[in-house]
Amino acid sequence: MTRDELRALLERVRAGTLDVAEAARSLEALPFAELGYAKVDHHRTLRLGFPEVVLGQGKSAEQIVGIARRLIEAGENVLVTRVAETLAAAVQKELPALAYAPLARVAPLGPPPVAPGPSAPVAVVTAGTSDIPVAEEALETLRMCGVPAVRVFDVGVAGLHRLLARLDVLTAAPAAIVVAGMEGALPSVVGGLVATPIVAVPTSVGYGTALGGITALFGMLTSCASGITVVNIDNGFGAAAAVVRMLRARSAA
Amino acid sequence: MTRDELRALLERVRAGTLDVAEAARSLEALPFAELGYAKVDHHRTLRLGFPEVVLGQGKSAEQIVGIARRLIEAGENVLVTRVAETLAAAVQKELPALAYAPLARVAPLGPPPVAPGPSAPVAVVTAGTSDIPVAEEALETLRMCGVPAVRVFDVGVAGLHRLLARLDVLTAAPAAIVVAGMEGALPSVVGGLVATPIVAVPTSVGYGTALGGITALFGMLTSCASGITVVNIDNGFGAAAAVVRMLRARSAA
Amino acid sequence: MTRDELRALLERVRAGTLDVAEAARSLEALPFAELGYAKVDHHRTLRLGFPEVVLGQGKSAEQIVGIARRLIEAGENVLVTRVAETLAAAVQKELPALAYAPLARVAPLGPPPVAPGPSAPVAVVTAGTSDIPVAEEALETLRMCGVPAVRVFDVGVAGLHRLLARLDVLTAAPAAIVVAGMEGALPSVVGGLVATPIVAVPTSVGYGTALGGITALFGMLTSCASGITVVNIDNGFGAAAAVVRMLRARSAA
Amino acid sequence: MTRDELRALLERVRAGTLDVAEAARSLEALPFAELGYAKVDHHRTLRLGFPEVVLGQGKSAEQIVGIARRLIEAGENVLVTRVAETLAAAVQKELPALAYAPLARVAPLGPPPVAPGPSAPVAVVTAGTSDIPVAEEALETLRMCGVPAVRVFDVGVAGLHRLLARLDVLTAAPAAIVVAGMEGALPSVVGGLVATPIVAVPTSVGYGTALGGITALFGMLTSCASGITVVNIDNGFGAAAAVVRMLRARSAA
Amino acid sequence: MTRDELRALLERVRAGTLDVAEAARSLEALPFAELGYAKVDHHRTLRLGFPEVVLGQGKSAEQIVGIARRLIEAGENVLVTRVAETLAAAVQKELPALAYAPLARVAPLGPPPVAPGPSAPVAVVTAGTSDIPVAEEALETLRMCGVPAVRVFDVGVAGLHRLLARLDVLTAAPAAIVVAGMEGALPSVVGGLVATPIVAVPTSVGYGTALGGITALFGMLTSCASGITVVNIDNGFGAAAAVVRMLRARSAA
Amino acid sequence: MTRDELRALLERVRAGTLDVAEAARSLEALPFAELGYAKVDHHRTLRLGFPEVVLGQGKSAEQIVGIARRLIEAGENVLVTRVAETLAAAVQKELPALAYAPLARVAPLGPPPVAPGPSAPVAVVTAGTSDIPVAEEALETLRMCGVPAVRVFDVGVAGLHRLLARLDVLTAAPAAIVVAGMEGALPSVVGGLVATPIVAVPTSVGYGTALGGITALFGMLTSCASGITVVNIDNGFGAAAAVVRMLRARSAA
Amino acid sequence: MTRDELRALLERVRAGTLDVAEAARSLEALPFAELGYAKVDHHRTLRLGFPEVVLGQGKSAEQIVGIARRLIEAGENVLVTRVAETLAAAVQKELPALAYAPLARVAPLGPPPVAPGPSAPVAVVTAGTSDIPVAEEALETLRMCGVPAVRVFDVGVAGLHRLLARLDVLTAAPAAIVVAGMEGALPSVVGGLVATPIVAVPTSVGYGTALGGITALFGMLTSCASGITVVNIDNGFGAAAAVVRMLRARSAA
Amino acid sequence: MTRDELRALLERVRAGTLDVAEAARSLEALPFAELGYAKVDHHRTLRLGFPEVVLGQGKSAEQIVGIARRLIEAGENVLVTRVAETLAAAVQKELPALAYAPLARVAPLGPPPVAPGPSAPVAVVTAGTSDIPVAEEALETLRMCGVPAVRVFDVGVAGLHRLLARLDVLTAAPAAIVVAGMEGALPSVVGGLVATPIVAVPTSVGYGTALGGITALFGMLTSCASGITVVNIDNGFGAAAAVVRMLRARSAA
């Protein structure tokens, strides 16, 4: 509820066209749909410029179906993330319109917006082949938000020339998502080479001292290159959401 | 060295106006100044749109003076971060033009650029009073990059109405830096309220289970609000640098 | 054994109506039933105002049946917690009177006490849908202790208005159990809004830096809101037990 | 602002006795005083039944004086916690009315309320002599909230008979704060003996594997006794605040 | 090889009854049997007064059979620890004489020595029912070394009277093995009550902050009771081995 | 209070020679002296065969003096551990009879018992020179308990022959305390060479991955040599106390 | 591209025999093959003297086949590491020439080079039988690089004489790979006995405080023996690769 | 004692020219000097090809003087590491011949050997200026062992061209020591560019998530570049010692 809407509502109270009790109820809470086990937030899209995203992990098929149906009724797109293949199949039985991207493990529903977007595509970069599923989660999220993107895969620091060959793409991009496991050094190197906004995503790729992604995460946070920001381990969705925030703010300016 | 410069250089070789040996040297390395203990990187500004920033912590006054002098000779601005008061005094003896902001513990040198910047100021938000030094480091960095900013201090989640009263500033900002120690919950709340790009900075404020900022850091990375990015503990400089990357990319578009 | 009982026993010794050897035995140990692998504590209910609760995890069906039978013989109610579905089925074969709540993973036996309880129900709050199983463990425990409760689910900090709409319930409650995973910020926000006693329960919901609930736990312990207390990760039972202690003390006053 | 106040305000708008713009301002934010570096929250007492408490650690004497003065002007009591002796002296120069309890390291200002309180005193228990400063922080906080309390010090589990001799005090108390460092076993033992609500406070007493209080904290959270709740390491204030929440809820019932 | 044996050997060299080359070989290495993947140490029994113990975990059935056969040929008893049920079955096919204790997960071979041992049995104590498998590993090891022992199970600190009822057994024992998971408080309490040598064994029983036994381990190491020693998590074998060292030293004195 | 004493007391009640009220008081608590900040435990010596030991760390000089005086009045020896040099000096001003061993940082008071002890001395072994202060704390404790000991210092695994040269001392000892920092490998090696009971003490000697002693501690607990027990980091006192328990049990047998 | 090749290329530009555009392309990137999901690096062998090694873990059979085929086409040997048995079978269906060593879990393809190598074999040492798979990974890697090696297995510090019997092999070796789990003490002991270059490999063998290899790793890094270097937990391949670097440098000298 | 020496000794026993008792003594122990607090190892140089190195940290000036004097008497060079400036001064009062390198914090005594060494110098590389002290410790150690070295400082991954300009030095070096703090990415990049043996040294440079060097350490161990080995945090001495082992093995071949 914006400041202008608030004043309009109060004017209606003063004019007597709105009942006090009703106005009080409106002011006490913004609208959402109550499902018992979930409160579907119809205003988030409005507030954040983003479709409702459902974290599939830890939810039953019934819960996902229930939430998705309510969103569909409200005319919104849905993106369910971290959906194992069997869970996706169970949900699709009830909601055949739901698509499923197995590599990214996301289930989108509804056509992505026709978005003019930025002129150059966002670069989604991975250090190795094993980091690709996380990158694909980011790519699917960007696609659902109408943001064009380009893949720059397997350019880790152990073979720098592979990265240097793609510098033009990185320089031109309005933002880069850099996905790396193991020691997570790639964002530091990219950040030292280009001035592009960089969102680094540590992955759980590696063993032993990789500590399930903690080493890559801490390496990225401690980066000697300035101005790199980081999201949670394996959080391709979050990195894409951060880029969407940037691009929305940009087109809003 | 851009692709165009590379071609131009090779054309000069072909034309015989540039010696092969000299061209080889040019191609082997981009220029930097060798001080023995440091290699001052004259091209970073060009590459990253950023003044050379010197991490003061762990350097001697002599080293800082040496690096700063070389940068001044090259006509660049300097920003020394994490400078204790006594170190700053020692450096200022040799370089009286160096300023010092004691709360932010940074020592800037040279006038900030006259920058029209974005129309609305960047919001620098803190959860508590003790988080202010980190916020000031961010503010000084933004100032040295010509980016206008506004303070929104002491609006932590234990008194939500203080935050809600400033939502308009946050909504209008092209980006928000949200600084919080202890449990680090503020970025989640802000991220659920506004669509602005958010860079979260955990601080080492707190005791016991605050773990010197690790709890705030992990809380921010695990945030239930989408698209929040995070930098290192107490890294006000890094958050500002990330925002500068965003705004440069934006004005470059 | 209270001070009064002790004196009465000694009086009987003095009066010669109680044998010295027998008195010595009474004084040496309070009574419990010895099963070999477990010592069933018939006095705990008396001491703590609480039915015997059996942690199902790590026990065999045989052990659970044995312990439960002894308690039933003593006329006590039983609550077995952390019982996987297959374990519950195995126990129920021997003890058909045992019920099972699959979401809460608890197996209660015996009717809950008819308790007038406090006038307003205890609020059991969750940040998300995935936190519900832990909340249900708390709810089943409260039910077995005769304490009325109300569900306030999916009101996490990423959509604050959902929480604000239920503030009246939280304000009226004699205590609130606030269950949250990921960054665990909800108790801080609730604690800043209401004066109700709050028991925070971190859950293992989340991935990466959620660290299996440690991040939520540390966030809650480091909360900037005053007077919030915390129990172990996923310990819905423990939170309910803490609330029962509060309400018993209250009705005893 | 309660629901009734909200309706009253809206009635005044309807009646034309309150200007729309003014009403909008009132609704946009609850009142607080802006100091630049801090926002003093005049409504917290109202909301939480608690004086404003200032965490001294990490604040300058000037900041503490500024915040305290604003609170005094508003007629509120002040409690500054974690104040080192030299900081207290600096603040007292400007605010001679401020008292200082060196063992508890707190600086209270203003007379504690004349409170009838519960009939029996709250028990504040320590395992060892070194845990006393944390217990004293709790005791000072209780005193400032008008809650009577009794000291049960140095009754750690290595000499159980010392504890058993004080069981009557613990049984009678409306709540017990149990403070222990090292392995933190005391709350488990107390929790197995009495039905009283227990808030456990781990302390940083110990060395090596005591890990600065983490071991005691985790031991308390993992307690085999039911219904024990825990606060942050060394957080005597927080434990007292939790007890105040309990007792306020009780007297409000 | 003792000092006396060494002199004897050298005397034989001087007397010419022992060849120099042969003597050199004797001095270069103590004897062991080489299996390629293992070196079976025939002198360990001699050196340590202990049968060869084989850690089953991480070894194949073939490897265990090979090692055990060589030991049997040398006339030694064998104790294989941490043997899963299926692994034991595979080994028993080849070595039918091998017994298997499923609760303790150990596979002993050969009759335990007829040992008069100490007059009173070693006490093996557990805090809860779930700690029993670890206690049984200790009991089987003691049995194979001819040491009598007595079970004192399920006497955790949440019901102290259960422990107090068995104090006489603990006081009489030449040593006590105290097994506890969760917060691991039992050894502290026992250590404060009796002067018996105590070997504490933390177990991985518990969840969340139990950290797989680390919390119990650190609690025991930080114990406020003097002179408690600790072994690895779930290491019932190691605790028994430590007690055997004590009792052997004692009978050797 | 032993079982026999209990019966005697009850007989006196029956005989009418002991008042009921007085008997009740006797039964309610074992005797200790109440100092307010400490409860001096006059029965511990009786119970544990050990002088009262006071952990100096975290206590004021006044508290130490108060506790020591009460113990002296009761005719007991005192051992204050972890006493910094300045603290010792402050205590000695009030208690000139208190001695001080600066390397061990312990302050003993009273003559050690004339103890026949075991025939061979306990071996106190260190890996390096920097581990000596911890070894000296153990040696002082043994001395105060009348246990003879021998130093075997600086025999770490990087120069094995130094250790092999002293094997006879280790073999003869009734127990060995093995003190090692850094990787803490010495107890494993000693444990593989001799059958003596071994108490391993990790020290905080080392830097980086030594983690303040945690690495040595975990290495010792994970030792591939059987039957090694471990105490807290730098806990020379605890290791000695464990050995005293062993030797007392032995002489009691 | 070497410096000489660079000059040659530039000379060809000057001579007009090489087109500027083509030269620019050559300089912009070193050649590699683009597979979409991987960039196969044909120059790594040249640069590092090493076959392309593919980490099998986290890759699909299709991806491994695709990468291996491209390498085979280029005439290079392939070594796929960390290949589970089922994955190996799936790859072998498409690439029957691929071998598989199940203990080492590596899949080599192509004949190892006929290498004269160093005169003495590299020693590959293990502390226990369970460490052998990691040692075999190192041995397979050495074999594929044409480096002779010798097994010295099961010589852990709990039975030192087994190690001392093989000292001549260790002394003669040009390098030793020492593989140890649990407390990881073996490299310290070996490092104190021989001057050979030592690469220590911690393994995840052990339980509880072994922490999946972290304890062995930290023990090795903190070793009191000088000049020991360490690789990641279970990283037999990496240790072999380090030795290959040493021997190549040596033969290049 | 080599095998040949052993046979010679035995021949002398047989020949009667060596007394049995004396021979036994020789065989029982290799010689070292006993100082009480330290055992000076005169054979280490022989065994390891290395001067005796004394870790200064944690030793008193008296202890260092005592050890050094004994080594000087034996005609050996000494290298004391981790010597704070004041400690060095105290030692120099007694031993004026001791030099001191304040940046490296090492105190060498005696002329370094005149060593022809390898033809090319060892490269000692740092990521930043703050890593130099650790590099200097390595350089001083190499110098004392007669190994020539070259500095390649401040070539961190945020400015890759600085590193690329020095590739020829790295390629020619018989080994490279790569010193880096913060995220520790430099060894990965160097390891991908050159085939030289690389010893990586993490430093404690950085703050927050740098975790005092743990992040750099884990990053290096998890490196995606093959064959990199790692030493302890800030352990410049250890890295140099590892290189000396390599070069000695090489010249011995």
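A, B, C, D, E, F, G and H are the chain letters, set down in written order, and residue numbers restart from 1 in every chain.
In this section, contacts are C-beta pairs under 8 Å (C-beta built on N, C-alpha and C of every residue); 3 or more make two chains touch, one makes a residue touch a chain.
Remember, it's a predicted structure, so these values are computed and weren't measured experimentally.
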item	value
Shortest chain-hopping distance from subunit A out to subunit E	2
Rounded Å distance between subunit E and subunit H, as computed from the means of their C-alpha atoms	40
Centre-to-centre distance between subunit B and subunit A (centres being mean Cα positions), rounded to whole Å	25
Interface hub residues of subunit E, defined as touching at least two other chains	3, 28, 128, 159, 192-193, 208-210, 214, 217, 221-222, 226, 232
Which pairs of chains touch, using the document's own definition	A-B, A-C, A-D, A-G, A-H, B-C, B-D, B-G, B-H, C-D, C-E, C-F, D-E, D-F, E-F, E-G, E-H, F-G, F-H, G-H
In the complex with subunit A, residue positions of subunit D that touch it	3, 6-7, 10-11, 13-14, 16, 20-21, 23-24, 27-28
Residue numbers on subunit D that touch subunit F, as the complex places them	128-130, 132, 151, 153-155, 159, 161-162, 164-165, 205, 207-210
Subunit H-touching residues of subunit B, taken from the complex the two chains share	28-30, 32, 36-39, 41, 43-44, 55, 57-59, 63, 67, 82, 202, 204, 212-214, 217, 232-235
Touching residues (chain side subunit F, partner subunit G) in the complex	127-128, 156-160, 182-185, 188-189, 191-193, 206, 208-211, 214-226
In the complex with subunit C, residue positions of subunit D that touch it	3, 47-50, 53, 118-119, 168, 174-175, 192-199, 217, 221-222, 226-233, 237-246, 248-250, 253
